[in-house]
Amino acid sequence: MSRLTYREAARLALAHELAADPAVWTLGEDIGRGGVFGQYQGLQAEFGPTRVVDTPISEAAIMGGAVGAALLGTRPVVEMRFSDFALCAVDELVNQAAKARYMFGGQARVPLVVRQPVGLWSNSAAQHSQSLESWYVHIPGLVVLAPATPADNYGLLRAAIRSDDPVVHLEHKDLWPAEGEVPLDGDWEVPIGVARRVREGRDVTVVTWSGGVRIAEEAATLAETQGVSLDILDLRSLWPWDRGAVLDSVARTGRLLVVHEAVEVAGFGAEIAATVADALFGALKAPVRRLGAPRIPVPYSPALEPASRITAPAVAAAAAGLVSWRS
Amino acid sequence: MSRLTYREAARLALAHELAADPAVWTLGEDIGRGGVFGQYQGLQAEFGPTRVVDTPISEAAIMGGAVGAALLGTRPVVEMRFSDFALCAVDELVNQAAKARYMFGGQARVPLVVRQPVGLWSNSAAQHSQSLESWYVHIPGLVVLAPATPADNYGLLRAAIRSDDPVVHLEHKDLWPAEGEVPLDGDWEVPIGVARRVREGRDVTVVTWSGGVRIAEEAATLAETQGVSLDILDLRSLWPWDRGAVLDSVARTGRLLVVHEAVEVAGFGAEIAATVADALFGALKAPVRRLGAPRIPVPYSPALEPASRITAPAVAAAAAGLVSWRS
Amino acid sequence: MALPSSPPDAAAPDAERLLGLYATMQRIRVFETLADEAHKAGQVAGYIHLSIGQEAIAAAVGANLREDDVLTSTHRGHGHTIAKGADPLAMFRELCGRAGGTCGGKGGSMHIADFSVGMLGANGVVAAGLPIAVGAAHAIALKGEDRIAVCFFGDGATNRGPFLEALNWAAAFRLPVLFVCEDNGYGATTRTGSVSAGGGPGVRAESLGIPVTVVDGNDLAAVDAAAAALVRAVREGGGPQFLHARTYRFRGHTSSDPATYRDAAEVQAQLAGNDPIRRAAATLAGLGVTPDALERVERHEREALAAALATALDSPWPDLGTAFTDVQDIGAPQ
Amino acid sequence: MALPSSPPDAAAPDAERLLGLYATMQRIRVFETLADEAHKAGQVAGYIHLSIGQEAIAAAVGANLREDDVLTSTHRGHGHTIAKGADPLAMFRELCGRAGGTCGGKGGSMHIADFSVGMLGANGVVAAGLPIAVGAAHAIALKGEDRIAVCFFGDGATNRGPFLEALNWAAAFRLPVLFVCEDNGYGATTRTGSVSAGGGPGVRAESLGIPVTVVDGNDLAAVDAAAAALVRAVREGGGPQFLHARTYRFRGHTSSDPATYRDAAEVQAQLAGNDPIRRAAATLAGLGVTPDALERVERHEREALAAALATALDSPWPDLGTAFTDVQDIGAPQ
């Protein structure tokens, strides 16, 4: 166990895979200088410029090139800088990476990882703040991960790099400096598809991920003071997602609140809510509720940005609303 | 009233707007020759090559150019040929068209329509068959339409062209030859955001759109023979969607099945299901169910493609399952 | 793919070698003619795009590649696939959507691929193969192999952004990739020249630092000689090369397109004077190959491919369960 | 934007005109210096990208435009916005996220825009402004107006696909658009030359059929003369033009970047000998403008802008309700 930041954990995960497997390489803009968030610091010095590759500003070629390189058996780890810029490479990710194995009848695999820093951070406004996980969950062929802790970023990034499937790895920009214990021993990784129980509680299950986890934890403290006890699950993996763990918890609490930073309308929370409301119909004490961002682009001004944020008080209030729910 | 195909209705809608408003123009690959599906037939001859513009194969420039042209007060109608190719222009649609008005504080509008033919058609396989409506519904700033009939394609396309918002207009490729009555009088249009009741029924509300409507109608006939009566709503407009009409119907039937051709996981059906299960909690006789495609790319072979299709028997069976539902 | 014993020479073509390439051209033409008929008869579904009239490029480039070289193709990919050495029976099965197709029936014509011979896939998205080929070349360079990647694309594709990004990338990293622009003058129904500015594909490639060779793409020996030189240069580590091959598509854009947007005289002139197969036959005749020998080649392909198509049409459909396999390992559909 | 009475001439620059452009450069420099300080003081949020060292290009191009001409900009857009005539107070308010900002505080530095003077927006996505400018020019052509569109972008942007698509489009349709490449040699921390192949932005533009003018972008009179000629050519209907302006960014990529990846000697040499403001001052001195006159210009800008920033910081925050407006008319959020 070592105490590391989310950033350092990700850096080490990649370093360890680069060291372990010569087929692994990484590419993106400015990563030789450490990447925008320092998450590549020192890797080029350690592994050389042919395995830690500074690219032109060519998102389509970065992603499309990674597809070709993956088809030939290498394992590229692609950096998109901000998830928003991945929108310059959607054909390459969705029409090519996600579908190649299937269209070609299983003749080849596309073992690539695309890292997309997501979320609200530092008032970066509408083109640098998006969380589009629900898009990727909707696309057959893709695995979608969204770690919330240093340990999970370490363990899931390693698992992603070792996976033979194309993986969309969503790291939250606000979490880079967050600290936590990380088991660095040997080949430890986090299994994809398994949720993490953040906190045990009686009254309301809160399902969340990424930047939502800290907010849910804060909300739990607030809710506790009102006598409401939250059972928090961090999905970590959005596709596949841990249906079993969610249903178990909701079967116990009878109430579910899904919390995410992405826009609520057609967000991934809708999938979870629809699934649970169906599977536990008749066994619920209150409707399944969702809490996500309003359907607005993220505004810049510090006075306006809060409109796009989910907050602990709002989560606590929504949970309390479920406990006191009467039709 | 005239009897027209879905294709001809769309052609006339655009022709009427081109005639009515000199700010309207249309651009895309090969539209001078009528477009891939003949939906532009004769328009270049009628309105000239500067208003019906054949473009290079440059989806990013088509979409990005339309944004600039819209900012200057023209009303471009953009053709993407297949919705799949719109994935080559996602930054332009999502980061630029959808956000410009907001980011610039309302200084300008982006009155463009992007036409994206969607859906399974003629065994066109994984890169020519996608329905990604849930993506666009998730993006603030966009209006999303998906007409199922000639009248709606006519009336919604006119409304879309007249709207000052960027509109994603999804036309189903299998419907081009479908016929129906279309009111061509004057300025008639279909109001955006209002669902169409396709069929009245007692037992199960079926909410669907686009290619799903015909399947639901067939399913209604099948279900009738089993004594199950379907109340079918064609949403037509996916953002905004007619929450009121859906809730009214489900309040009456007590049961809801959402049917769409897109992949079920994280499809737009999840949003509707989650909303209704929440709003009518306690008033439902059975869980809200969804029926969409499995999470696989669309396969080519006529022997395999059915795996990706929703069918009338499956819809009827799902509806019957809701009627006989016991926890 | 048999490798030539000696490098080809356009000025003094070798009859035996050329006859081999001629056979490949015939195989492509016959394959596509049969595929077209099968499509019209409803035995092949989806879209099919025929390269009839353009066979010399695929045949000659393919003949200069090793089996472990790789290539990416376009929507018009049958010729590239055949020239790279794929089995026409497996290809017909793919087009007919049958079990045993190169992609198990999941891809069809537009996604045909045969990784066993290095054919990394046709593509339904114009220009999408360019970055993929460059990425494959990047992997080859990383691994220090002496294989090369070849990237086929049309003139229309040079107006899409990935063309610039891929070529710049290949040149900036000096990757072992040969770009082959099959310039048939049209992108679907639009004359490419009417929507393209500047001096054309070659000038664009040069501006991105890639040496360009222009060739009459319907002159088999000329393409062969050019391809030989360029493949050698690429394999020797000199970085990317660009072959601009002028050609003409004799058929419509898809098998269902009557191509009425082209001037009848233009089409007639091409059919009459610029058929790469007839031009190669004339060259071969000049080198002393008898009409009989040419006829034998053609007959052999006709018989073999007709048999292959018949076998394909007799082949079982894939099991519906296979629609759910090979999506992904983790989180696969039930 | 005051229009020049007579076209500028690089060989014989007009002191009065140049002094006006000098004032614009000072306004940009002072604006950004204050913005930088305010950012470091936490009064400006988000990212800010400074164009300090590059002011001559914005000032000279802007001075050759009419108010009804339009332009698209980049992440580094303050200079373009000021040069096009935007009110610095409204700009400061925008950077400070206050009510009365050009975008009501919704955009910030990276999305600054002022449609009232034809400034169609900075952009957070590299190269995204290129097709938008071309589309604006297309609209101008459609409407038969004699305005023009100007498109600023960096050297790094020439490696993105939309560069090719936009330039080809502009040339193919002969649109009234002036492309201005501000070539500061870097894309963020990466030397653009290390990831770019071929002869550079101008060669690429030429390959797409667009005439290119190369200019020392830190020579105010030279940029002014070049811009005057190119704006005239574009306005006269000759189709697109391309100005390749070499320059240098004196600061880091963002206001928080110490730019240690650049050689100290390189930076020193640029600071010492290539400051466009000091070079312009020297030119003006040679034309007989007194140090005092120059000093007055600078002082005026300092005072005016310091006052503007203070006013901006005194301005109210926007009402939270405005976060929900101007999303869309139909289906707007509650």
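Each chain carries a letter (A, B, C and D) given by its place in the written order, and its residues are counted from 1.
Note that contacts are C-beta pairs under 8 Å (C-beta built on N, C-alpha and C of every residue); 3 or more make two chains touch, one makes a residue touch a chain.
Computed from a predicted structure; not experimentally measured.
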**Item:** Higher-contact pair (C-beta pairs counted), A-D versus A-C
**Value:** A-C
**Request:** Report the chain whose mean Cα position is at the greatest distance from that of subunit D.
**Result:** C
**Item:** Length of the line joining the C-alpha centres of subunit A and subunit D, rounded to whole Å
**Value:** 37
**Complete:** Whole-Å distance, C-alpha centre of subunit B to that of subunit D, is 41
**Prompt:** Could you state the distance in Å from the CA-based centre of subunit C to that of subunit D?
**Reply:** 46
**Request:** Would you mind listing the residues of subunit A that make contact with two or more other chains?
**Result:** 55-56, 58, 60, 84-85, 88, 91, 95, 102-103, 125-127, 140-141, 239, 294-297, 299-300
**Item:** Two or more partner chains touched - positions in subunit C
**Value:** 101, 103, 105-107, 111, 123-125, 159-162, 165, 168, 172, 194-196, 327, 333
**Request:** Spell out the residues on subunit D that touch subunit B in their complex, using ranges where they run on.
**Result:** 70, 72, 101-107, 111, 113-116, 120-121, 123-125, 128, 130-143, 149, 161-162, 165-166, 168-169, 172, 325-331, 333
**Fill in**
The answer for subunit B against subunit D in the complex is residues 25, 50-51, 55-56, 58, 60-61, 63-74, 76, 91-92, 95-96, 100-108, 140-143, 163-166, 192-193, 239-240
**Asked** In the complex of these two chains, what residues of subunit D are touching subunit A?
**Response** 45-47, 97-98, 101, 103, 105-108, 110-111, 123-127, 156-157, 159-161, 187-190, 194-196, 261, 317-318, 320, 322-324, 327, 333-334
**Fill in**
Within their complex, subunit B touches subunit C through residues 29-30, 32-33, 54-60, 84-85, 88, 122-128, 294-297, 299-304, 306-308
**Message:** Could you list, by residue number, the parts of subunit D that touch subunit C in their complex?
**Reply:** 159-165, 167-168, 170-172, 194-199, 203-204, 206-210
